[in-house]
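By letter and in written order, the chains are A, B, C and D; residue numbering begins at 1 in each of them.
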Amino acid sequence: MAEVIWGLATSHVPSIGAAMDRGKTEDPTWKDLFDGYAPARAWLAEHEPDVAIVIYNDHANGIDLDIIPTFGIGTADRYQVADEGFGQRPVPDVIGDPELSLHLLEHLVDEGFDLTVFQELEVDHGLTVPLSVWTPDPGDAWPCPVVPILVNVIQYPQPTAARCYALGQALGRAIAGYPKDATVGILGTGGMSHQLAGARAGYINPEFDTMWMETIQTDPARLAALSREELIRQAGSEGIELIMWLIMRGAMNDQVAKIHSHYFVPASNTAAGVALFDNRVSQPA
Amino acid sequence: MNPETPAGRFDLPGTPVFDGQTSRRGLRMNKMFMSLRTAQNRERFLADQSGYCEEFGLTPEQQRAVLDRDWQAMIDLGGSIFYVYKLAMMDGLSMQYLGGVFTGMTEQEFQAAMRAGGRRDG
Amino acid sequence: MAEVIWGLATSHVPSIGAAMDRGKTEDPTWKDLFDGYAPARAWLAEHEPDVAIVIYNDHANGIDLDIIPTFGIGTADRYQVADEGFGQRPVPDVIGDPELSLHLLEHLVDEGFDLTVFQELEVDHGLTVPLSVWTPDPGDAWPCPVVPILVNVIQYPQPTAARCYALGQALGRAIAGYPKDATVGILGTGGMSHQLAGARAGYINPEFDTMWMETIQTDPARLAALSREELIRQAGSEGIELIMWLIMRGAMNDQVAKIHSHYFVPASNTAAGVALFDNRVSQPA
Amino acid sequence: MNPETPAGRFDLPGTPVFDGQTSRRGLRMNKMFMSLRTAQNRERFLADQSGYCEEFGLTPEQQRAVLDRDWQAMIDLGGSIFYVYKLAMMDGLSMQYLGGVFTGMTEQEFQAAMRAGGRRDG
């Protein structure tokens, strides 16, 4: 069977990738953010999984608005890095794991999750920035193959937080039921509070973000009870993408140990958060 | 339309919600923005902006908003910020610049507000 | 509120449309099929709904294999008739009802159905042949606007029969919760037994089809318990599309009255079935 | 591959199941078939079949199956019957013709079997 060994929650703001690609990580506006990643990166370097599952959303790069899937899963053996309009990021293409993808797909569809299959997919900063947060210098290849899971967080009605948490729990069962032995890292991406348009653009809610960062570890079901309206009100119209952290968390054990977390404002217009959880801790009887 | 009282799903002041009707309204325009990811399309667009807009079937109001770079109007007319941003990027403008436009600040003021920890409600 | 007034289950074999488009309905090989439609058509002409929901699958015309949604819903105000490779069928384009589509979408996503939104969609014989079965001479326009609901029946894993039935039940609740008064006709399309490829091509199972035709009225939950493997074994590799009848049936009342049904072999390589149910009958207390 | 013992999801004799691995194998070929819906692409295909196949990235085996009109091989190599049928339609062939090919009959024999109520198991 496969086993989730860690979960990494992280913002996927494009400017984080751009700062890395342009060597600005020591720049005073960025240094604290990247210093905050260091302990997570050090731990992750010691805990390399066989495969990673990245839960993210596309931002007008891999999919258009003519077809908007609530949940998608990639089944390709390779995902090209998208050109978002200013050239591809100078990072490796993403190698897939179709066998695991198809196992997860079958299990999840059998459990009543109505996934959309992507046999071809270009991946944007929503997926590659989290990989860079994890692995700043991938060289020719990311540490392991990746299964992308896509979530509609852009167009109302987004899946509810409860549905995301339930998908995560089913994903955990699907991983546990994989016939091959494999260690799995799981990345929940997006957030934290931010809003890009409207008179409330620039909105940041550190109280909400702090609550979310704590509660995602201790009581995710409480976060899963939040409505879309409440999420948009409290986290901003784009901050609702925090629901993707719940998919990651749902796939993990009831008890997880926090290895490290860090919070930083602003990454561009966004509150950037990172939280790394160890899934291999003893569970209460 | 006044951004303080957006039409949309919830009544969240100053918060556009990109819902189904908004997306239907903006579909042609958003598809046009997405097309600007390639250098070839950016060149074609810059060579004949209104022709390019017509090719994608924008409404006259949408076309005017695009030609005038009226960012607020693009949002009001169904633009998704992630799509509208493709046009801004082509123009060399940042998300902080757009944030300034939406909030009545200069880019520098908006950036300063973000560096001070971001904006708050009320 | 909106109310489902009838449900029409029907095969959507392209040759049925072709026979109509080419004036061959009196041809000896086709006459019995079209004679069998007559009583249903007469009743339907007296019971015109305000809007129809058509549950169907695409066949390499409106969507490709790069993106395969388990369930989709159209939200457009118009759906062009696809050119499937031999010119468009000479039938009107399909007018949509975006307001109802978006209501259904929101309700269904809130209930945990992970639909894919189609803002643009060309509709193929899977949708237009059932409209022709209902309305042989539409003139310039079909009788009413249409909301298309798409189901992946082509690529394994298809949604389970149970999931389709559950979607139908949620669809019924969503229709009942529509704030506007409207009468709704619902079409479940596809089937009956058939297999197009492999050494078992041409397979027809009249015993299974007869059982299905009866049980869809009296005990749909029993059909919803069938596995994919059982469906493919009994109804053929393409006959599995009968699961779409369960979405229609799920949206109807527990008790429905059969107005008419007819069974005919072969329409091309397929067992063609039609069954019309009145949804406005008194329910047991 | 022998169609009596298909590789795939279930062991249903004579019944190809179009599953995820099959679809992955056939993706480029199926996309090529789908492209044949337009007259322009059919003309381009007919003018240079192997060039067109290469453009779509078919494997050499898939390309040979297409050029030879080896319908069974197309299915074995990942073709979906709904997609393969686009090529057959272009050739003026019917689904009954294909049914005959898959079952070792002429089109007329296959049609007669269908008119007699269809084929049965075993």
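Definition applied: a contact is a pair of C-beta atoms (placed from the backbone, for glycine too) under 8 Å apart; a residue touches a chain by one contact, two chains touch by 3 or more.
If you're wondering where the values come from, they're calculated on a predicted model, not measured in any experiment.
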Euclidean distance of C-alpha centroids - chain B vs chain D, Å: 46
Between chain A and chain B, centroid-to-centroid distance (C-alpha), Å: 26
Mean-CA-position distance for chain D and chain A (Å): 40
Multi-partner residues of chain D (each touching 2 or more other chains): 19-20, 23, 27
Multi-chain contact sites of chain C, meaning residues that touch two or more partners: 65-66, 68, 105-106, 117, 119-120, 155-157
Chain contact topology (line, ring, star, complete or other): other
Chain-chain contacts as defined at top: A-B, A-C, A-D, B-C, C-D
Chain A-touching residues of chain B, taken from the complex the two chains share: 3-4, 6, 9-10, 12-20, 23, 26-27, 30-31, 33-34, 36-38, 42, 75, 80-86, 89-90, 94-96, 98-99, 102-103, 110, 113-115, 117-121
Chain A residues within the chain D interface of the complex: 75-77, 98, 101-102, 105-106, 117, 119-120
Chain B-facing residues of chain A, complex: 29, 59-61, 64-66, 68, 82-86, 154-157, 193-206, 229, 232-233, 236-238, 265-266, 268-269, 271
Chain B residues touching chain C - in the complex, by the definition given at the top: 19-21, 23-24, 27
Chain C partner contacts - residues on chain A that touch it in the complex: 63, 65-72, 105-106, 109-110, 112-120, 155-160, 162-163, 166
